[in-house]
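We call the chains A, B, C and D, going by the order they appear; numbering starts again at 1 in every chain.
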Amino acid sequence: MQHTFASKEGPLEVTLSKNAEAFVLEGHELRQHNRGRLHLTLRDGRTCLAHTAKVGDVWWVHLNGRTYKWERVEPGSTGAEDEGGLVAPMPGKVLEVLVSEGDTVEAGAPLMVLEAMKMEHRIVASSDGTVTNIHFNAGDQVAQGATLLDLE
Amino acid sequence: MANRGEIACRILRACREAGHPSVAICASNDAGSMFTEMADQVVLLNGETIAETYLDQQQIIQAAKDTGATAIHPGFGFLSERAEFANAVQSAGLTWIGPSALAIEKMGDKMTARQTMRAAGVPVIPGEEVEEVDETKALDALREASTRVGYPLLLKASSGGGGKGMRAVHAPADFDQAAAGARREAVAAFGDGRIYIERLLSGSKHIEIQVLADQHGRTIHLGERECSVQRRHQKVFEEAPGPTMNPELREAMGQAAVAAAEAVNYVGAGTVEFLLAPTGEFFFLEMNTRIQVEHPVTELVTGVDIVREQLRIAVGEPMSCGDLMLRGHAIEVRLYAEDAANGFLPSIGPLAVFRPPEGPGIRLDTGVREGDDVTPNYDPMLAKLIVWAPSRHEALQKMRRALDEFVVLGTTTNIEFLRDLCDATPVVNGSTTTTTIDELWPNGWNPPSAPLLEEAALLAAASAETLGLHRRQTNGVAASTNDGPVSPFTTVQRRFP
Amino acid sequence: MANRGEIACRILRACREAGHPSVAICASNDAGSMFTEMADQVVLLNGETIAETYLDQQQIIQAAKDTGATAIHPGFGFLSERAEFANAVQSAGLTWIGPSALAIEKMGDKMTARQTMRAAGVPVIPGEEVEEVDETKALDALREASTRVGYPLLLKASSGGGGKGMRAVHAPADFDQAAAGARREAVAAFGDGRIYIERLLSGSKHIEIQVLADQHGRTIHLGERECSVQRRHQKVFEEAPGPTMNPELREAMGQAAVAAAEAVNYVGAGTVEFLLAPTGEFFFLEMNTRIQVEHPVTELVTGVDIVREQLRIAVGEPMSCGDLMLRGHAIEVRLYAEDAANGFLPSIGPLAVFRPPEGPGIRLDTGVREGDDVTPNYDPMLAKLIVWAPSRHEALQKMRRALDEFVVLGTTTNIEFLRDLCDATPVVNGSTTTTTIDELWPNGWNPPSAPLLEEAALLAAASAETLGLHRRQTNGVAASTNDGPVSPFTTVQRRFP
Amino acid sequence: MQHTFASKEGPLEVTLSKNAEAFVLEGHELRQHNRGRLHLTLRDGRTCLAHTAKVGDVWWVHLNGRTYKWERVEPGSTGAEDEGGLVAPMPGKVLEVLVSEGDTVEAGAPLMVLEAMKMEHRIVASSDGTVTNIHFNAGDQVAQGATLLDLE
């Protein structure tokens, strides 16, 4: 049983083995109990409960106070491409555009101020670059995921 | 019930226990929300925006009249500190569950409040207000005042609250941008751009005193809460009693709070906020003329049901609580839908799994439950987790267990940040101040590494995929198959002013 | 943790909070049960029956040794009051979280306990014990003793507890059958058929005093619990403080309880049970040398975490609690899987929906959660619902709301019976006695009629069918499609002795 | 939308009507909200929440502190037949048989003592009759639903 998950460090290849009723990975064991409850026995002998949920392609996992998530990559699909632009983290309104097309900016420079969830959010350059396109003006409503501006 | 979310749930439950039939109001995007299930009747409001719904005074008063309601509880936020709403409610022949419009007005305007407090002999922080409306003139006047107040300083909206329209400024170079931002937020949030400037007292504790006053002339205090742990002036971690408080200081601050309340003929539940400087001096910050988010910690250590007392006081009964009797220690943390590891950016998504911790000494005041969606329509505070134990040490232990067992999947929350906070030295020692979080994580917070758990979590994800748990119920609940955005924040780095 | 179910959950949580790693044991039919998820390690016991698993002393001690455990907490029931187990645990070099074997022995044998108490100056109920083993001789001796004790009388198993092996006899004609039944149950449950006869004090209250004693010579009481509301000697509704108690009587009974504990050099948490007669006299009933089912009501009014104190005391620390400080009122009800409208017959089935009430002042100690199955393998007590409020009146109001909101579907429970109990005059007045339930419902209980709600429920059932809610999640949870028995009790009427 | 439910008083015929989004019965209205939450508006104007679950053919419904259940009768099926015998309410052990075949008993007469869930349960005659068959002896284990004896 092999699965590929996407992570910040690149694709993670996971190969499960089975030991009687248990799934095994790196010495950790997992057993399913009634109605999908997953009981883990860690390599160090401790037991804990895992909660899981899949939302879209992403598996969310909680155990011992920690929450992790990984996108599952369908076998055969190519990895997700990095987008070049800066996208709106949530629906909101553009309050201010702090740069103009053609500006050269340093990583960390403020580019745009967005209002969402009754708070102001400052969109900051993630790297040095040049602003090539600005897709919205002050006062515009933006949908979640909309590309706000392009940085090259 | 002129409110929504967790505070509406809290108050509607109290109404049901007291035997008062209740009416909820809700915007169409709140139809089916948890709080609507706790009322005996629900009125759907017309309108789309918050201004057209939860802030529409006439529509809310009409809903009360139409359903035969006799009183309105405003909760906190929304219309709770609008003097003209208190007036309108009373003019409509309804009981207003709160202090008089005059008291709200005197305390709501920060500058009037400072003057009233000075007259009542309550110490206030040195500062100045700027009344100018015109943008350019206002900014000039503010800049001028800033030189008299001195740095570091704090810009605050005169009508403000909840950290909105508030900015800390450490050097003159940052002043202009901060002032413009504060004014803009203040206008947007409160329709009032007046700003005042206050000296920023670094290393201070935020200590607030809960007061109760009935219509029979009795005004009492219920001891203090310490709410020093704040992020951008939003409280995060609140406790009672204050870990460094002593009975003499409690009595002095309690008496100052009672004097503040009596100075405006206060009726109902209110909170007088103070800054407690490292010198032991305390200064009046402001009075919140309503129930507060963090009222549960006071309830747990005093044994007083503050909301039930509000209901009693509003109908003219004497309050039922006797002498102050503090016992044990209570801590509250605020659960936000936000990505603490990514500059605390608000997050949205489905609450595919939402399993609060259980067991003795744990209280959850929530406005959401499993299966709900977190949307950008309202405040990202989902719930408050409160624990009580015989001692502060045990309360922290209980909070750690509670946070470890709190499972929320599908929406990123600040649970792990709160859990990490419980291990921070100033929190363990009780030496927290209003700058603790900035000092602990000057470059932002990241979860501590736990490679063993991460491996085990990967095993769980791979096993769940193999078992096909997403195609059937997991842990008794169907995993959400919502295809909406999962982590909209991965492609862009973000920092905050 | 040598126990299972809700008490195991309660204690394992306390261990986690205290920072003690924990080990659970479980029989194979308990694999995946809630309590196993709260331990750091789980040991699967060999064997099928209770005797082969949770009562197998050697296997349990071996599990402790194998996992490196250093102490054993027995909970209640099972091995908690077996002196030889306490001895075996200590002989194995483990710490026994409980009183000495000698104290258990002296209190566990009802007759010895009576003698010890008489010697310590604690008043006991007049009665006699019969030691005969032979069935016929024992019955003859019991019949003879009954004439000296007088009617009405109570037959009790010398090693008994929890109402097992206990029978009330009101007339000589019923004596023989009752005595045979009591002996049979006593042999089956405790392996000991000795029975003693006690005068039945009608109209009395069951009042019990919680005691704590540490290894530093300090023995204290934590006030009383009233547990008068019983059905077949099973407690149903428990509260603290006792509604008719006064400080003088509390002190007198508290001192008697402390004297009782000191008479056997008691260490740890224990409960001294008394009958309080209408005359104001009180009589020693028995001492339970363990944590009790109803300990939460005492925790809520005293602010003492009794389980944490047990852990402290066991390792030789002084107890942490100070002077007795009672505040407010707490009520506990026991949630049973039973059909109250059908002679309280135990029921089984899936917990297709299990939604406990929420909100301030509500505590749930549960051993089950949604999705579990209720089986006939263990006791039908599923959970305990406990409320606290500033006054008894408000606590009853809170309990009513809590029970109204407690949703259990798929298995019949006594929730509606408990809710109806909250409206019964003796409960409202606080004038309950041990015969209250029999007096209220001499012909059995039936739910009060509510035709409007029944119509609406039918609308819900028909709508749910039309909407096909059984084919997908309802209320965030998949409706169980378990095809097992639903109501196995519809074809046969049943009454109890 | 017509459904038939079995009740003690006989079959219940339920005919729902629809009013916009709401199901209506006898002036009560029901609306479905997110994820199957059922909100009722009673005839008297009060609102409440209904929880439902189907276990086997039986719908369980909770509202306002009351729990109801009805077996849904599939269209076209005949009603459940009354069984003539007395069945074991749960798995257990027969402790004592108090009657013999051929005995005439009155309603309420004790017939058998069963041990289950660590308590004794007395099986009592539901009506006057004659014991025609006894299917178990003292000491026998009985499965749930097993017919213990026949009464005619």
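Note that in this section a residue touches a chain if its C-beta (ideal position, glycine included) is under 8 Å from a C-beta of that chain, and two chains touch if they have at least 3 such contacts.
Just so we're clear, the structure is a prediction, and the values are computed from it rather than from any experiment.
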item	value
Intersection of contact partners for chain A and chain D	B, C
For chain C, the least number of touch steps when starting out from chain A	1
B-D against A-B, pair bridged by the larger set of C-beta contacts	A-B
Centroid spacing, where centroids are CA-atom means, of chain B and chain D in whole angstrom	49
Computed distance of Cα centres, chain D from chain C, in Å	29
Whole-Å gap between the CA centroids of chain B and chain C	40
Chain D residues counted as touching two or more neighbouring chains	35, 37, 48
Residue numbers of chain B (touch at least two other chains)	371, 472-473, 475-477
Pairwise chain contacts under the document criterion	A-B, A-C, B-C, B-D, C-D
Partner chain B, residues of chain A touching it in the complex	1, 3, 5, 12, 14, 16, 23-26, 28, 30, 32, 35-38, 40, 42-44, 48, 50-72, 82-83, 86-87, 89-92, 95, 108, 110, 115-124, 126, 144-145
Footprint of chain D on chain B - complex, ascending	21, 31-32, 36-37, 39-42, 371-373
Residues of chain C defined as touching chain B within the complex	9-10, 13, 16-19, 296, 299, 303-305, 308, 320-321, 325, 327-328, 358-361, 363-366, 369-371, 389-391, 394, 397-398, 400-401, 472-473, 475-478
Chain C - residues contacting chain D, complex	164, 181, 184-185, 188-189, 345-346, 348-350, 352-353, 355, 376, 378-380, 403-405, 407-410, 412, 415-416, 419, 447, 450, 452-467, 469-470, 472-476, 479-489, 491-497
Residue ranges of chain A touching chain C (in the complex, touch as defined)	33-35, 37, 39, 45-49
